[in-house]
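The chains carry the letters A, B, C and D, assigned in the order they are written, with residues numbered from 1 in each.
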Amino acid sequence: MSDYGPVQVRCPVLNVRRVDAYYAITVVAPGIAERFRSGQFVSVAVGGDHSSTLLRRPFAIHDVKPDYGGTVEFLFAVRGTGTAWLAERRSRDLLDVVGPLGRPFPLPRDPVNCVLVGGGSGSAPLFPLAQSLRRRGCRVDFVLGGASADRVFSAITARRIAETAVFTTDDGSFGTRGRVTDVLGRVIEECRSDVVYTCGPMPMLRAVTAVAGTHGIPVQVSVEETMACGTGICMTCVIPVVGEDGITRMVRSCVDGPVFRGEQVRFDDVGTIPFDALGAPGWKGAGSSRPAESARDIA
Amino acid sequence: MNTDLRVRLGALELPNPVVTAAGCAGSGRELAQFFDIADIGAVTTKSVMLEPHAGRPAPRMAETPSGMLSTTGMQGPGVDVFLQRDLPWLLARGGRAIVSVAGSGTAEFGELARRISAEPGVGAIEVNLSCPDPADPDGRRFADDAARAAAVVSTVRSHARSDLPVLAKLAADVPDVVALAVACAEARADGLSMINTVRGMAVDPRTLRPAVAGGIGGLSGPAIRPLAVGCVYRVHEALPEVPIIGMGGVRTGGDVVEFMAAGASAVAVGTVNFSDPSACVRVLREFTEALEAKGVRRAGDLVGAAHRPGVGV
Amino acid sequence: MNTDLRVRLGALELPNPVVTAAGCAGSGRELAQFFDIADIGAVTTKSVMLEPHAGRPAPRMAETPSGMLSTTGMQGPGVDVFLQRDLPWLLARGGRAIVSVAGSGTAEFGELARRISAEPGVGAIEVNLSCPDPADPDGRRFADDAARAAAVVSTVRSHARSDLPVLAKLAADVPDVVALAVACAEARADGLSMINTVRGMAVDPRTLRPAVAGGIGGLSGPAIRPLAVGCVYRVHEALPEVPIIGMGGVRTGGDVVEFMAAGASAVAVGTVNFSDPSACVRVLREFTEALEAKGVRRAGDLVGAAHRPGVGV
Amino acid sequence: MSDYGPVQVRCPVLNVRRVDAYYAITVVAPGIAERFRSGQFVSVAVGGDHSSTLLRRPFAIHDVKPDYGGTVEFLFAVRGTGTAWLAERRSRDLLDVVGPLGRPFPLPRDPVNCVLVGGGSGSAPLFPLAQSLRRRGCRVDFVLGGASADRVFSAITARRIAETAVFTTDDGSFGTRGRVTDVLGRVIEECRSDVVYTCGPMPMLRAVTAVAGTHGIPVQVSVEETMACGTGICMTCVIPVVGEDGITRMVRSCVDGPVFRGEQVRFDDVGTIPFDALGAPGWKGAGSSRPAESARDIA
């Protein structure tokens, strides 16, 4: 958990680069850089002061550097209006950025073997994670996937920082044709992985969690739910997560996540209120022995 | 110039008119990372229910032009956790608390009022009349039936500590908002809050599916500001003595001026807290500057100014 | 791919679903400077009254977030000038005309229907139910009372040529839009248009005066789109056989997809004509491209798609 | 009246200049330039494709040049969100511009003496008018006013193209302290003016019309009403104008104006529906002898 709360800064754009199918924006934001822990994200206001697109866009932090007092880089694919607008930013433009937000990836105490599994832009937060793990003496292996070669993120960097790096594409244009989960089992075995870290679309997280389960190793997943606030006040980003006490709660993926233990996310029930979730229709609290309300209380 | 920013909502005096809207600021803890929660007029807490509620399935939100649709469905921990954990936190930091309550029936509203009145330090109770009325065969909200809404208000009033102001929170998409306001005032509401979100819908043109689960969601944000200002204006015209908390799309200090001129005594920031977590203090600063630029010495002088042609503020 | 863009509104077949909204395109002459008026589905003309009307005092408009407030108050030349000058112009250019009528009483609606039915070439009559009802003691609109609205529709239906579709234009800010729609359908409306502007207000923070004369104006533009889509969805659910012209904040081809998926058979562009005079043809082009990208071969297949989970378009 | 209708073009910004208290933007727009007649205006979309400020902003055309196939210049003071956004435009940005709009200033057939009276940014359309009048052999005199020196528009150009140029400011920081109407009578007499052309705020137009009336000469006024569409379809820009037939109509200032004969504008009734206006409440059309409906019909 980060020691400091997030900050809101109007920060200058240092540069905007194209990287394959993605754009990378670096902003000067010392306050965010100094607080950052890998797995956290920023949320960025888009469209200017009189924009009709009211909501911030969340992006994982991909890199933090000490230059200019502290810079923060995030990467994105153009998807809709907000990302199209961001792609048009130029150096010296100002961006209104809030961060760092969310629970970071928990780091192992001991120098264990870690496999990092990313899909598309979801690979972004795994790079600073890889660095942190390496600094702790962990072995890092990468499995990165994407729809096509230009959507597999930073293959070269992955090869450089990891012990091994395996790539998959849906169309076979790069690496193995198929999905990350087609190769993950083999990687876990060959690299004797002790833990999986993963970020990408929900179906991938679920499949990765299943593979980790088969191999009996823990998995940390970082989810991408739509978020209106990113700061924990709107309750729009909830997913069903089972607590240590066995009780399912609808928890906010922005502040209680985006990183969760994969086994605790009820992937099959995302998009529903499971009947046995705390406070679900028909649910009955057991009077004074009512379970604690938030995943936080029991953390 | 030393502008007097104080405003009154019945027995409750606030240091300034900028408050948060229910459900758009939690109970202040998260926004306190961005500013000192004691600096704003008050925090209106997320509507609390008697029991924990898990809320509605996802997707719970969609962006719309200058607004958003949401369906959180009153997710919350229930009144016990609220009183043990959230309220003490807010009061300990010097925040003023307007506690919003949502009952799954009239009796539950009464019970909530009783529980909350027992806590010292609460500033006011806000009655969320946009909850579905379990007694209504069509699943309508209390706000859709002025008589049922008034019954809730009077139950809350009789269960609440007598010195604690009770505010009725109105919806705009009701048969007649002025009639609803009059009914609530007659049921001894000390003030009115308006407006809640307006029912609307979006369909995702990519998937052709409703963009929020369940189809209909609540529209909020600057898009609805003209509806909100219209309600405040018409209700203030009908009930000039009843204090109003105006809300709906407040984004700038100028919007606070607009709501107060229409008849609001205080103004709540809702959705814009999501897009700008320091919005409340920015809005307050802009509002203060606007008063200074106009030479208005007391914020209260603005209230209802748009009803008085040629008013000299 | 050759996409079939044709859609039906009862007896009226349109070459494509993009039409103009009443009062937002004159009778086509001005927009014809920017595109060929015969290229779009139809022109809905500004509501015509029996006599000339000077409308409301200025200021008549104010910009609001993603929308505008207006109060033009039915200014127009009266039906004689319309039939002599405006309608022949439009028909001569190959345009399809949906003629909107506004009566200052039920009888006048009937008279207008009779006059307009006498003209060959008219495609449909749209009944503007947002006119103030002179028989209502509170000055409410016909749309505010489903029975009064139905009476107008049935008067128009009985005075109109029997092969001419009659469309009832509904407002969203009424006690119950579904009940209103059902009443109009029972009064033999062949179709429904929705939504009209929604009452709202703005106060100019500089002058502290209402921004439009008379205070309350009609809110239109993308800001109200979620309200409009919500109405279309709910009415289509209740009356799946009744064709709907959907409108309210249409700006792009994707918005047409959204309205059609919610249940509209045609979609009108209103306020956005003011900000983009070639909007209608741009929207039609974007819509056509969207259908091609989705592989939808017939525009009509989209109608109501959001009501059918997992529909394969 | 212009021979061609307006066009809508997405045109590149050539440059943005500061001129005293104003900004001048020049766009490349051959289609508008070739159709332009002085007194006409453009309307400009502001804030980008996803702006919450939906409506176009109208600006008088200040200059048209043959460069790059045809350029159009307009001038503006920053007033609210739209003009603030425009002031931030840079060369090569694209602007969505519709024009030329509105009725131009009618030009005299004969080489008469013309006095051009402008207030603040309202002076803008008088400059191309001065050029047209000069080309017809007319004498041109200027009376330009503003709140302060930096709000008196293009004094140097005025001096260059006009026979005489008189300036007034409210604060006396430039020219005569006072209003344009304080000096107009004297100018009309000294220059033997045959006609007045004026553009500026409504109260000024009214006062100028009164002075012209006193001197028994015609006056053409160009009004600045708020406009939602600028193309004649929204009916929000109406003012009461008396037709040649003596009947008052609520006419659209965007297409029936912005230029009107001053004597025909019912300045005292702007912001009202005069009781005797065609179609006013209580007004009764005389059956078949009903008066023609639009000022156009009788023009």
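Convention: a residue touches a chain if its C-beta (ideal position, glycine included) is under 8 Å from a C-beta of that chain, and two chains touch if they have at least 3 such contacts.
Treat the numbers as computed from the prediction; the structure is a model and nothing was measured.
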Quick check: more C-beta contact pairs at A-C or at C-D?
C-D
Using only Cα atoms to place each chain's centre, name the chain farthest from chain D.
A
Computed distance of Cα centres, chain D from chain B, in Å
46
I'd like the Å distance between the centres of chain C and chain D, where a centre is the mean of that chain's Cα atoms.
34
What positions in chain D touch 2 or more of the other chains?
52-53
Where chain C touches two or more other chains at once, the residues are 65-67, 221-222
May I ask you to sort the chain touch graph into line, ring, star, complete or other?
complete
Inside the complex, what are the residues of chain A that reach chain C?
52
In the complex, go through chain B and note every residue touching chain D.
65-66, 222
As the complex stands, chain A meets chain B at residues 5-8, 45, 52-56, 96, 98, 225-226, 228-229, 231-239, 249-250, 255, 270-273, 277-281, 283, 285, 290, 293-294
State the interface residues of chain C toward chain D in the complex, per the touch definition above.
23-26, 30-31, 33-34, 46, 51-61, 63, 65-68, 70, 72, 75-78, 80-81, 213, 221-222, 271-278
Which bits of chain D are touching chain A when the two form their complex?
47-53, 81, 85
